[in-house]
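Okay, got some structures for you below.
Both of the next two complexes hold chain A, though its partner changes from chain B to chain C.
Our next item is the complex of A and B:
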């Protein structure tokens, strides 16, 4: 369904570094952020990973109140922190009108499994640290971000594998349409951890184990264009719409995704030829090829620049599609998408869904 | 096509219920349990409870996945996903629909959860401690993902034109998921929504609540002066929502109308609820639903049975209501089923509206004067109901309040005003 909302600010943390500038520069240089893993810190079967360099809660969130803060929460609090400055006045005056919608994989599997481990291996089964219990609940990152930055509107956590960032955006549009908030801070976060690496390793097909894991977070300020303009914020992109479909066999990915892209473009009245940027998920051999073919099918006459983030940042899992959108905005530059320009972000979830989001200039 | 912002919002109705609970599988059994005040409490069997001084829970004891799941191999699904898929199948059948009919519609699937497949993660930790991380089961690792709770429903029903999201907003997640389904139908985005919540009892969460001193030794007694805490529970509640127009066109039975909902965040404390903020959430919900506080005929409370929750929630209710209506907690019967809790409570509200009764708060001896509410002690009460309210609270101060109404064809629905900044 077409929306009237725009993105007027964004905040990213990627394996290139904390902030929008490192992502912009890393992408412009086409640099790889994948490096050999220190196996003393991370005893995992992967040889490489794309970690956010020198990231810790203490360094980026502060020493106070972060002793038990896990990595995905720290990534979320930091990424959201990169946006709150843009709406400081609004947050101060009416904190209940700003919503926070944050995508996650399964929260922090490291926090969850460490907690169970303490119960199973301690002297008593209840010898666990109570202050760490909230980390094991999957709304922790969104909730703690709200507490840290005093955001009192709807606070929702969304999960949907590789499509998480797109699903969070879709949820955010619906939430706004329903009159539940004035603006939404919307995005997704994923951490690298030893435990996630082992789960991914065992859950993957042999050939997929060659893709290193990445991590990061991206959050967007989503609001009506007139609000952005009134507040002096540059409209970077209008959110034309999102769409999702299911497929049963990998052979069905292409048709399902083509249908998604076509219907999103049609519903918003966007000409396929106007698409200037495409940021696909690019996960796996066959699904990635099907994904690119689907986009090509849906965009006759377009000659877009393809932004293939996964080659540089690894598999950022739940954060992937949100980082893809951040990469589009990074590529579009400080004034955002131009008049008559459009951008497309796509994803394929191995569990049987595809999705896309279309953005236009204003 | 240009989106018509002035398009009249659709009225949204509940036409199918799927319930997996410790007091009965399927809506008829659940209804019977609610009416008779059945309790699902038993000694916990999900894991070895050696070393805990007490370990009662409200588990779903007689659930054979193969009886309820027909197209996906249940072994590919964790227990919470099995519950959600089973409840979705029940809801579709209860609505008088088939999977084939649903495949032709545009659908939203939204499933709330607290722990998703943390039960599987517990199992994997056990393997890891005993045999090392190299020995984890690939099948269990693959299925232990939150997204599966909703995508499992898509696979089972073979849905095509569908958006599937899991909403892990903890113990308020069911109401969040129903709210999103409501908005999706209300504004014409989809033609049907399967939404609710699911969770399975797990060591991780039992241990956390036990360590906080909030697990009741025997039974759950919301609003009672002697209440001692929660009992962990499990199950799933899935509601089938569609537009009133669609329900009337196919002659469907309508349980209730979804009138609206409200969400907010305390942004204050990771685990302690905030009375003022919860009161504001109820007011937001009333405004969104176009009802006034005096319209509410009963409240299905979050009512966990902890000292802190019940007194805070009762305080918030007294703050909003001139005369608080009867306020019950079905957690007294089915325990705290976490992400399923508010979805099952919403199903209970829908059944109450249809059948004309208020579910009881069982295990009740003496109402805590600090709560000071009529909790409909121990026995269901016949009542003519028009509008009911379903409260849900979660860790991190995530509040969600849902408003349901008895089906009334002539009701005029208020279009909620979009929030505007005070200039």
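Our next item is the complex of A and C:
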């Protein structure tokens, strides 16, 4: 059964800048946000990266209480902050009715390694900064975002590689269906760091090392359509459904994803020809080609606009599929998807999963 | 017997810098006797953080019981001086 939930607000931080407007404008111009890296600050093997320009916790979250807040946490707190204004009344009255579901890679691998290094290399193992310990757990960003903005509903961290944003959305639908909350703030965040760069470098095949790393965050307000309308919020897209499948060998990507997209469209009763926007992950050479072919196979008769975010923003890892959805909403405009229009977000995780989400206008 | 080790002005400035950083206040807002909790809104986590940061900075151990004396800059300087002195006494 198609979900009855909609997206009625979104908030993005991308290498184009903090906020929805920079993403909207950057995409409209087709601008590259990838730039040369300062190797004094980031001693990494990559020459380029797509960083959120001039971002710091002190600048965007505030000077007070942010001394030990790491970058991914600050990105998450800032992105969630971009949404809480839209539900200020609801948060004030019933803070326990708003859930937060946030996707992440491994939390901050930089924070984890820094803390461990301090313990191993200091005068004593316990000569560490206790206030930085919370940064070493992967649910730090979700937890801190909720504390900072006084969101008291279920608080969940989801990690699933490149599919993280879609998996978080899927989790959010289940959480709501189970009656655990009235609405969900759902999204994903990823930071650029020296340690993440080294891990990615060593984890990648030679030919994949050319893709620079990006960072950012995107969060969505997910709620029943009638609640959005009653509160005067524009319904930007209905969440028609999410699906995930596994594949065994790389040459199985195409079939797995085609089946995944078809079944999502069928279950939601969405005609393939109505898909107006497609935002694929586009990761790696061969998987990216398989991904696009799978989508083309699944959408006979459609002539969608393709939004290829990775070309402009690099590999945003755990935040990628959430940023893809943000890009779809940016392209759809202030009134969202129109009646009879649909959008598709897809992803391929090299470890063997594919996934997609379908959205429609109302 | 407690021995005191006179910290120099550089050490004192360093301690003040560490504490101001943790309490997120400007150095000019802190005097030698302004109280962390009452005057600068420090909580128990802040107190622990001050203790452990000083242990790191001076490569020494400070007993948590000393927290009761570490209520202002003068108190902290005294405690750190004693800890450093105790450390060098053990080393000798």
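FYI, the second predicted complex is superposed on the first by the 361 of 362 C-alpha atoms of A that agree within 3 Å, B and C clash if a C-alpha of one lies under 4 Å from a C-alpha of the other, contacts with A are read in each partner's own complex, and residues count from 1 in each chain.
Methods note: a residue touches a chain if its C-beta (ideal position, glycine included) is under 8 Å from a C-beta of that chain, and two chains touch if they have at least 3 such contacts.
What you see is a predicted model; the values in this text were computed from it and never measured.
By the touch criterion defined above, A:349 lies against chain B but remains apart from chain C after alignment on the C-alpha atoms of chain A.
When chain B and chain C are set side by side, the one touching more residues of chain A is B.
By the touch criterion defined above, A:170 lies against chain B but remains apart from chain C after alignment on the C-alpha atoms of chain A.
Contact with chain B, but none with chain C, is seen for A:158 once the two complexes are overlaid on the shared chain. In the superposed model, A:63 lies in contact with chain C only, and not with chain B.
In the superposed model, A:130 makes contact with both chain B and chain C. Contact with chain B, but none with chain C, is seen for A:267 once the two complexes are overlaid on the shared chain. Taken together, the two structures place residues 124, 126, 128, 130 of chain A in contact with chain B in one case and with chain C in the other. Those residues of chain C that touch chain A in the complex are listed here as 21-22, 24, 45, 48-49, 52-53, 55-56, 59-61. Of all residues in chain A, only 1-4, 45, 90, 93-97, 99-100, 104-107, 109, 112-113, 115-117, 119-121, 124-126, 128, 130, 133-134, 136-140, 142-144, 146-147, 149-161, 163-164, 167, 170-171, 174-175, 177-182, 198-200, 202-203, 227, 243-246, 248, 266-267, 269, 349, 351-353, 355 touch chain B in the complex they form.
Within the complex formed with chain A, the chain B residues making contact are 1-3, 5, 49-52, 113-118, 121-122, 124-126, 128-129, 133-134, 136-138, 141-142, 144-148, 150-151, 154-155, 158-170, 173, 176, 179-180, 182-184, 186-189, 203-205, 207-208, 210-212, 262-271, 277, 280, 284, 288, 394-398, 416-422.
Those residues of chain A that touch chain C in the complex are listed here as 63-65, 67, 118, 122-124, 126-131.
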